[in-house]
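In the two assemblies presented below, chain A is common to both, partnered first by chain B and then by chain C.
Entry: the complex of A and B
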C-alpha cells in the first residue's frame, strides 16, 4: 500500500472514493459511486465508458464543476488542493493555476464574438492581469506551439472562419496559456474526422512530453484510448470497473463490461454485412 | 470598400422609397378625412365667398388630389412643409421650436429604458430566484399598464401628494428641464423598459447557458467577467435590435404623455393639429415620426454585423 500512497502524492490529480448524488429522498440518484483515479505529471490517463457512465462528471469534478444541487463526498485533490467542500476562492485558484479543460465541440466552446487572439489572450489578461500587448505576443507563440499556421493573421480571425480541427488547436492553445499542470480533455477528438483526430492526439502526446502535462482523456473510444494513453480506467454506471495499463486492459480485459465495449468496436466486428434492422419499410 | 458601400446605398435608397410611400399615404389619409381646414379657419363665422376662396387658393384646395400632393411634396423636399392653418406660421419653424422638448424627453426615457431594462434584466438572469420573480411580476404589470394611466398615477403620487416633481410644464434651463421631465420620462419609459428587461433576461439566460460561457468559468474567470465579459456580448444582440424599435416608437407615445403633462413637444403638437384639422402640421409630424423610425431601423441594420461577427459579409470580412 505504501507504494500506491507514494503514487497518489506525486499525482497532479488524485480522486479518491468520489461519490456524487443528485436529487433528494426517493428521487435521489447516485451519479458517481466511489470513483478513484490518479494522474501524474507526464502521464496520459484514459477514462473510458459509454454515455452516462459518469466519465465526464468525474472530469468536471476535477475543476469544481458539479451539476446544481449535487452532493459530493470523497476526495478530489488537484496539485494537493482538496476541491470537495472547497470554497469558491480555492476552486478559482485551481482553475486559474493548475487545471485546464478542453471540450468535445470547440465551435461551441470558443466564444464566437471574440477574435481568436483575444479569446486565447483572455486567460492571461483576466487571471494574470497581463497587458494587451504582452498577452498578444504570448498568444502568437502559443498558436505556433499547437501547430497553427501563420499565427499573426490567425489571431485576427473569428472562430466561424476556422475549421473544427483548427478550433480545437485554438482551444488547446488557450488551455495552455496559463501553463497548467493538468489538462482535462472531454471527448476532445470525438467530433473530429479521423485524420484530424490523429493530429490532435499527436499534439497532446507531444505536449505531455514537452511540458510534462498530466492529461486525463475522456472518450468512449476504447481503441483510441488504448493507442494513446498510458493507463486506462473503464467506467460503468458511476463505478470504475476496471483499470490498468492501456495495453493490458485492451488485450486482456478482465471485466465483462470491458469485453462488451471491445466487442462493440466496429473494427472488431466481423467483416460481414450488418444485419438490416426489420421494421416499417 | 465597395462591398460595404453598395449595401449601404441600397438601404438608403429603400429608405427614400419608404418615405415616399408614407408621404403619399399620409397626404391621402388627410384628404379623405372628414371635415375641411377652411371650416376650422372660419370657425362658424359667416364669411364672404371671396375670403373662403382666398383660403382655398392658399392651400391649393381646388386643385385635383394628385397635383395637390405634388405641390406639397415639392415643398417638403425643400424643407417647406407649408403654413400651419392654426398658428399661421411656417410648419418647419413650428416644429423646430417643439423639437428640443421632445428630443430631451425621448432621450431621457431612452436612457431610463436602457439602464433599467438592461441592468435589471441581466441581474434577474444571473441571480434568478426572488430577484427574478419580482422582476417578472413588476415588468408584467408595467407592460400591461397604458402610459396615460402611468402618467396620471405618477402625477397624483409624486406631484400632487408628495410634491417631489412638478406636474406640468417643461421648465427653463437644463437642470430644471430634467426635473420637469422626470415624471413624463418615467411614464414614457415604463412599459418599454419592461419589454427591454424581459428580452435582456431571456437572452442572458440563454447566453449564460452557452458552452463558451462554461469555458470562461473553467478558465477561472471571476463571476462578473463571466457575465459582462463573455455572456453579455452575445446576450445583448437581440436587445439592441429591440431597443431601436422601442425607442423610435416612443415618439408615438409622446402624443399621450406630452398632452397629459402639458409639454409643448412634437407629440402634443400632433394632437392639437389633428383636433383642428391642421393638415400641414399633421402631415409634417407624421412624416418626421416615420423618418425617425426608418432611420433607426437603418442604424440597427448597420449595427448588426458589427455586433454579430457571423453575420458579416464573407467578402467584406476577409
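Entry: the complex of A and C
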C-alpha cells in the first residue's frame, strides 16, 4: 500500500467491481454488474447511458444509498473511506462532509416553505453549528459564487419565485456550502433549456477549477457529456461498456452500444425517428 | 439572467396573501365564517366590557322576564341576564374546544408523523391504536373519563382530546406518507439530516395546512361534544356561564313558555359550529386546489 493519502489525492471517488442485486431466488435482478469508475479532484467524469442502464444507481451507491433490500458488493471509496459495508454513521459523515448531490428537478428537491437563504444555510448551521447571522453572510457569498444576481434579496425569496435555472444554481450553492470534495450531478441539466444548460455546465466547470471539485455528471446526453466532461463512462444494462477521454469516446467509439447511442442522437439522424436500442436492464 | 418570475403556481397555502385570495375569489361563505368567528372571539375577549350585567347576578324577582330594553334576551330562571351569560359563556365555550383541538393535534400529529415516517411495526401498532380509539364512541369515552376523574371542564377537555386523537392522527399519517416520498424530503435524508430534524423542520411545516383544515373541523365538533357533555351535566358545572350548560338549565323555562334562556345559547352554538365547519371546509378546499 502506498498510503491512503496518496490514494485520496488520486481519486476522490473510486468505485471498483460494484455489484447491486435486488430480490431473491427466481426474481433476483442484478442491477449493477461489476461497475468500475473513478473521479479525481478537479475532474469531471460523465456517466452516460439510457434510462435504466444503472447510471443513477451507481451515483446513489457512491453515497452509500441503495434501494431497500438490495445487496451491495464490491468497493466504493469516497476520499479514502470505504462505504460498502460501512456503518450508518460513517455513511452519514461522508454525505455531510465529503459528497454533495444535485438533482434533475431542482423544484421538487427544495422545501417549498423554506426561504432560499435558510435552505442554503442549512448545511452550515447543521454540520458546523454556525449561528444564523454567520451562516447568512456565507450564504450571500455562495449565491454570488454561483452567479446569482442580487444575492441579499434573493436569500429572502421563496423557491416558487425563482426560475428553474436559478433554482438549480441555488441547489449548487447549497451543495457547495459544506465545501464538499465530490459533487454528484444526477441529470442536473436535463430539465433546463439549452441556454441555461450551457450556463450551468459553465458554472460546474468553473467550480471544478476554482475549488478542485471532483464532479460525476450523470446524463443521457452524449453530446453534452462529450462537450463538458474530461472522461466518459458509457453504461449499458448495469455494466460500464466503454470508458475513455471524452473526445475519444465521442469520435472513435469502440463498443457497438456506444455507436448505437451516438446514432440515436437526434443531431445525427436525418429526420428519422430515433430507434430504441435496448439498454435497460 | 432575467429577473425572477412567478411562472409556477404558488405553493404557499396559508400566507397572508392566500387569505386575501380567499376573499377575492368570492368565497363568501368562508369569509362569512371568518367574520362570525372573529366577532365571537372579540366578544369572548371583551366580555367584561360589553356584558351589560354580571352574568352570575341572581335576582329572583326578575326571573324569566321576556326580552325587553333592560334585558335584550330576557332573564333566566334565577333572574340572571341571558345576554350577559351568553357573552361570558363565549369564553369557556371557545377555550374548551381550543384545549381539545390543541391536545389532540399535538398527540395526533406526533402519532401520524411517527407512523408515516417509521412504517413497519411502528405504523402497524399506531394504526391499531387509532382504530381502537375510532371504534370507541367519543362521548362514551368522555363519560368514562369523567366518571373516573369527576365532572368539570378540565376532565371533559382531556377526555375529548383523547377521543379526537384518531381524527388528527389519521389525516396526518396519510398526508405525511405522501410527503415522505417527495424528492426534497428524500434529498434531505440523502444529505444525512436526522429524521427528527427533517420531520420537525421540513415535513410538518409542509403538511401544516392539511392539519389546520382538519383541526378547524374538529374544533366545531369538539364544541358540540363539549356542549353536549355540559348539557348532560358532565362538563362545566352551574352556575358558571357555558352555552351547553345554559341550554340544559333553560329546559324548564322552555316548558314554562320562556324560550330565550335555552334558545339564545343554542343559536350561538349553531352559528359557531357551522362557522367552524365552513372555515374548515374552506381551508381544506384551498389546500386541495393549491396542492392538486
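By definition in this document, the second predicted complex is superposed on the first by the 261 of 281 C-alpha atoms of A that agree within 3 Å, B and C clash if a C-alpha of one lies under 4 Å from a C-alpha of the other, contacts with A are read in each partner's own complex, and residues count from 1 in each chain.
Rule of thumb we're sticking to: a residue touches a chain if its C-beta (ideal position, glycine included) is under 8 Å from a C-beta of that chain, and two chains touch if they have at least 3 such contacts.
Here the structure is a predicted model, which means the values were calculated and not measured.
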Chain C versus chain B on the shared chain A, clash or fit after superposition: clash
First (chain B), second (chain C), both or neither touched by A:90: neither
Partner chain in contact with A:33 - chain B first, chain C second, else both or neither: neither
Partner chain in contact with A:109 - chain B first, chain C second, else both or neither: both
Partner chain in contact with A:147 - chain B first, chain C second, else both or neither: second
First (chain B), second (chain C), both or neither touched by A:166: second
Which of chain B and chain C A:50 touches, first, second, both or neither: neither
Chain B and chain C footprints on chain A, overlapping residues: 63, 65, 92-93, 95-96, 100-101, 103, 105, 108-114, 123, 126, 158, 160-161
Touching residues (chain side chain A, partner chain B) in the complex: 63, 65, 92-97, 100-101, 103, 105, 108-114, 122-123, 126-127, 158, 160-161, 171, 174, 178
Chain A residues touching chain C - in the complex, by the definition given at the top: 63, 65, 91-93, 95-96, 100-101, 103, 105, 107-114, 123, 126, 147-149, 154, 157-163, 165-166
Contact set on chain B toward chain A in their complex: 210-212, 214-222, 225, 229-230, 233-234, 308-310, 317-318
List of chain C residues in touch with chain A within their complex: 1-2, 4-12, 182-184, 187-188, 190-193, 197, 202, 205-206
